[in-house]
Each structure stands twice: as structure tokens, then as C-alpha cells.
């Protein structure tokens, strides 16, 4: 069709403009209505041909004509924007439990955490690529069990899961400190509510059973 | 299709698809973002040329590109519902003054129109998205100054502010200069008249006191 | 306006050709009949606007209008408005007064002029009219451009471009390990490790209170039984234990308690002495 390279005639241009501006697909009759009933069949055929190789195609669905972007262009029409976000505390705990106990079901995670785990929390971990569903546990209800992925090891710089510190090491690092400690850290997020005098008077009178080697670690953590 | 050369390459097709799919005009950089930062200048130029004779044109307004129906197709496309807001005369004049003098303060607009500008007039222009506050003039009182937006260019089909109708003639005729400047020029051109310096001495007689807020108008900016 | 390079001319002399159409849309006024003045004050945007409209009726370049004629036209306009009992805003009247002054000044012999000269004032008025006319013309031309959504249209149903937000999650090794530690700590079987506190046990309070009561001669306040130099922590504990000890002694019939009022000092004394 040699006319493709030459300038289109006005009827073709009009049909082109009408279809372009239309908010809905149009039938041949709809288009003709804009054009005092002109016969637009040839114009449509020409446009269909002209646009066949382009980034936009003129397509007919049933009796309705409309322009649409070429199917192979679909992946250019979206753009990814990376948004760095810090894993929530709940998600971090979940991930840790999966890493230490895998494969593990959601119910098991909950029983270890002692808190219900929102569905979204696991989704986030899977989105991050650190956790995968690893089949089902052959118990009543056949719950899905979860495990970590190779990306998990890569991200955390672990050769294997065995590199994760054991409980003894955690204890030595003070990471198994009583809940109070953890609570305290969590409370720090809140404005200081309680009477500071009260909080202060305690530790220097009472001989502490638990020394606090983690203090320096704490600091590092909090600023992280 | 007579020749392979008429088939656009994939970059051209992608730019075409992106611009067709876009709901808003896009800058070259916007488009490149969908294409891993590819240089789309040639593609845009090719598309602009390809569509020049068609019922749909690729146009550049300021830095923004978009497809729109060809102007001579308006008769077929004008719809029953009037989409374009009707501007009052006051708003129309305000818009012109801002466009031809920008950036310009309200006092400067008023001194040209010889009448106070209702608050709502500027609001209408800002709501339409054609005018924006563009900082403050560093003179006593620090009045807000106004300028046009990229949407203004898009809406009125201007490739740039240089395309404002009659801009060059108006500037050449000195009609964009403040009255005071023109006065001085005029007085100098009249050898028989008295000292032009005294042209400033009459503000208490003239009702619409021109206390020369327009003097600070940056004429150089208008070519921007 | 004609060629821009040439100096601006005086508002005198014959009409010059104009290459800008000054007859752009303006208020609804019958321009074909200058003799008839329609009073349509609503259509005007202030006195300058009226002056511009009147000036255009002279059908000459704005640089060449007759100011005297313009003044007369404006004053006539104001008179008509007065006859029709139209309420005119003050600025229309101020303009009328100023124009009347300008007219008389223009008619005076030149030698009697004060500064600024009436010619200057007239010129200023003319310049302002030119500028307003220029902007009105520009506005009209702007409005007749091919406007988006009226004359030209963007795509009616664009597919739209999407921005997919891809979240990159971040978590450090330490966060992970610490979180596990905390889970373990939080959910470990609860073992109450009562810290060694300085406390006064009930036993020691009992023996202390009863032995002190034995030697007391009269009522003693409870706080007198407390160890005198105890730190605050111990004081609290001693107070509680001593109180319970006092109750216990009273129950055993070895002491009696008295309190004058709620929260008042609690006193006790030995039963042997007081009872007998």
C-alpha cells in the first residue's frame, strides 16, 4: 500500500482524529455521524493498515473501533520506582523465626512470637524475596510452611543458616535480656510518660542480678 | 506498506506508544524514564514529522510533548458540551497581562487595567492551572508576583512564550514597557518640552496613581 | 502600531495606518454611531475602559486621538449617566473631574502652565490607553487560538502510564538476630527472678515491733518503729511489714491500735500496759 507514505486525505485524517479523541470505542456508524454520514470503510481500512506497524494500532473489537497501544509495547508503559523501606518489627521477628526454625507454619510462627501475625507480614517477606512457601505440613489442615530463600542468605551475608548465632551466643550478647529491656526500647518510641524519678531510683539501690553488657550494642542498634 | 523504511523502529514505536498512552503531556525526560534513559530526541523529531500531515499531530508546548487532534479537524470534533471554561473579560485581560509581562504583581496588573482586580479573578486563573504565584518581588511590601504555567502553553497551543501572538510587535512598539519608561522616551523625543525628569511629579493629580510599580518589570525575562 | 523603531509621535496629526487590529472585541457598544452613547456601565471595567472605548470611536490610531474630544465624550457619558440616574462608582467621577481639569489646562495659554504640563498628562493618559488596548487585543488573540479541549483534543481514552512501586526492603543482620533474641526473651517460660531487694520481712518486723512495744511507756506512732537510717527502699518495706506486724500483734491481743482520722497517724501500744 503505497499511500501509507503519502499524506492521508481529509476523510482519513478526520476518522483518525475522531477515533483518537473518542472516549469510547466507536462503531463505523458512530464515526459517520461526525462526518455527515460519510462512508468511512475505506478510511478505516487505510488507517488500520497505516497503524499496523506502529506503536499504536487501530483495532476492531466486534463492531467497535479504537486505537490502542501495540501489545508489544506494554512493558514500556510502566516504570518501576524503587522505594527503600525498612522492615517492620513484626516482619523482622517473623523472618527471624522462619530463619531459625524453618520450615515453619504460620501457626507455629505465631506460637513462637506469642502474637498473631498478619497475613501481610508474610507477604512482605515474600515480596522482599527472603521467604518462600515450602510446601505443606502433613498434619490436619495441611498448613503452608515457610522457609528462607537463597536471597535471604545473600542479603544477610550468610553462607548458610548455621551462621546464625545460636541461643548461647545470643545470651552472651545480651540479646536474650529480659523482656523489660526490649520493652524499654519499644517504649523509647513513645514520649516519655512515666515519672523519670521513679525509674531512676531503682537501679542504683538494688543490686542488679543482670549486668548489662549489651548497652553498647543497644546504642548501635538504636542508631541503626 | 511499500518500503521497510516507513516502518518505525522500536524506539520510535515505544515513544509513540508512551505518548499515546499518557494522560498528561510529557517531557523528553519523562519519556526517557520509561525507556531506561534512552535518548528520545530523534524519535520525537521523527514522530513530529510523521504526524505533521495526519489527523493527529505530535506537538511540543514548552518542554512538554503530547498528541492532539489537528486544528483543522476542530469542526468535526467540537462537542456539544463546552469543556473549556468561559473566562470573564477581566480574567481574560489579567491572563494576557500576566502572559505578556510575567512575572507581574497584582498592582502592576491593576495599573495597566486601571481598575482593581477582584481576588476571584486571579483565583480563577490559578484554578484553571494557567497562572501560578511565582515568588515575591523584592520591593517594599514584597508583593506576590504571578507567572504562567506549562499548562498555559499547552492549553493555548504555544510552543513557548515567544509564540504569544503579537509579542514581538508589542515589545518593539514599547507597549510592554511601563508607562513611566515610555513617558521618558517620549519626553526626550520632544526637544521643545521641559525637563523630562519632572514627568514623575504628578501622581497626586492623576486619579489612578501610577506610582510606577511596573518599573521593576524584568523585560529580559519575557524572552525566557 | 507601526514600525516599532521609530520614536513615539505626538498625539496630533492625521490618522496613520495601523497594522494591529484595535477593533478587537470590546464592550457592546454601537461603534457605528458615535453620536449615540449607550450607557452600559456594567459592561465596563472602570473609567479607563470607557475612555478606551470612546477613543476607539475616533477611528484613528490611539497615538493620534484627540484628547480634547475624548474628554468631551467622557464628560458627555457621565452626564448621560447622571440623567439616567445611574449610580456611578466614585472612580468614574474622579476621572471626570480630572479630565475636566486636563481640558481646561490644555486650553490655557502655554505660558501659564504649571508642572507637569497638560501635554504630559495627556500623553500619560494616551500611553495608558495604548497599553490597555494592547493587552485587550492580546487577550482576544490569545482566546481565539486553537485551544486544547475546544479546538484540539488530547486522546480521549488514554491507556495511562503506570508507575510500579517496587519496594526494596531493608533489614540488617543485627536487626534480625536481635529480633529473634527478643522473641525468645519475650516468650521464654516466665521465671520470676526476684531481685535481691533490701526488705524487712514480716518476721523481723514482728520481733522488732513487739520488742519495742515491750519497752514503750505510751502510745507510739507506727513510724517510730521504723529503722531510723534506712534508705528509702527499705523504709517502704519496713513500713509495710511493721504495719502488718502491728495488725498481727493486735490480732494476737498483744497490742492495741488507734487512729484519730483516716490517714492520720497510726498509734499503737502494748496491751499489757494499756489494757490493765
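Read from first to last, the chains carry the letters A, B and C; within each, the first residue is number 1.
As a convention for this text, contacts are C-beta pairs under 8 Å (C-beta built on N, C-alpha and C of every residue); 3 or more make two chains touch, one makes a residue touch a chain.
A quick note: this is a predicted structure, and the numbers were derived from the prediction, not measured.
Asks: Report back the single chain whose CA centre is most distant from the CA centre of subunit B.
Replies: Of all the other chains, the one whose centre lies farthest from subunit B is A.
Asks: Of all the chains shown, whose C-alpha centre falls nearest the centre of every protein C-alpha atom combined?
Replies: C
Asks: Please compute the C-alpha centroid of subunit A, do the same for subunit C, then give the distance between them in whole Å.
Replies: Here the centre of subunit C sits 37 Å away from the centre of subunit A.
Asks: Rounded to a whole Å, what is the gap between the Cα centroids of subunit B and subunit C?
Replies: Their C-alpha centroids are separated by 29 Å.
Asks: Distance between subunit A and subunit B based on Cα centroids, please, to the nearest Å.
Replies: Centres of subunit A and subunit B (C-alpha means) sit 42 Å apart.
Asks: Going by the touch rule set out above, which residues of subunit B reach two or more other chains?
Replies: 18, 20-21, 34, 67, 69-70, 73, 77
Asks: Using the touch rule from the top of the page, what residues of subunit C touch 2 or more other chains?
Replies: Residues 153-155, 159-161 of subunit C each touch two or more of the other chains.
Asks: Name, in rising order, each residue of subunit A that touches subunit C in their complex.
Replies: 17, 20-24, 66-69, 77-87, 89, 91-93, 95-97, 99-100, 112-114, 124, 127-128, 130, 155-158, 164-165, 167, 170, 173, 175-179, 181-182, 201, 205-209, 220-221, 224
Asks: For the complex, which residues does subunit C have touching subunit A?
Replies: 153-157, 159-188, 193, 195-198, 231-233
Asks: What residues on subunit C touch subunit B, complex-wise?
Replies: Checking each residue of subunit C against subunit B gives 1, 3-5, 7-8, 10, 19-20, 45-49, 91, 94-95, 98, 101, 115-117, 119-121, 123-124, 127-128, 130-132, 134-143, 145-155, 158-161.
Asks: Hey, which residues of subunit B end up touching subunit A in the complex?
Replies: Residue positions touching the partner: 1-3, 6-8, 12-18, 20-21, 33-35, 53-56, 67, 69-70, 73, 76-77.
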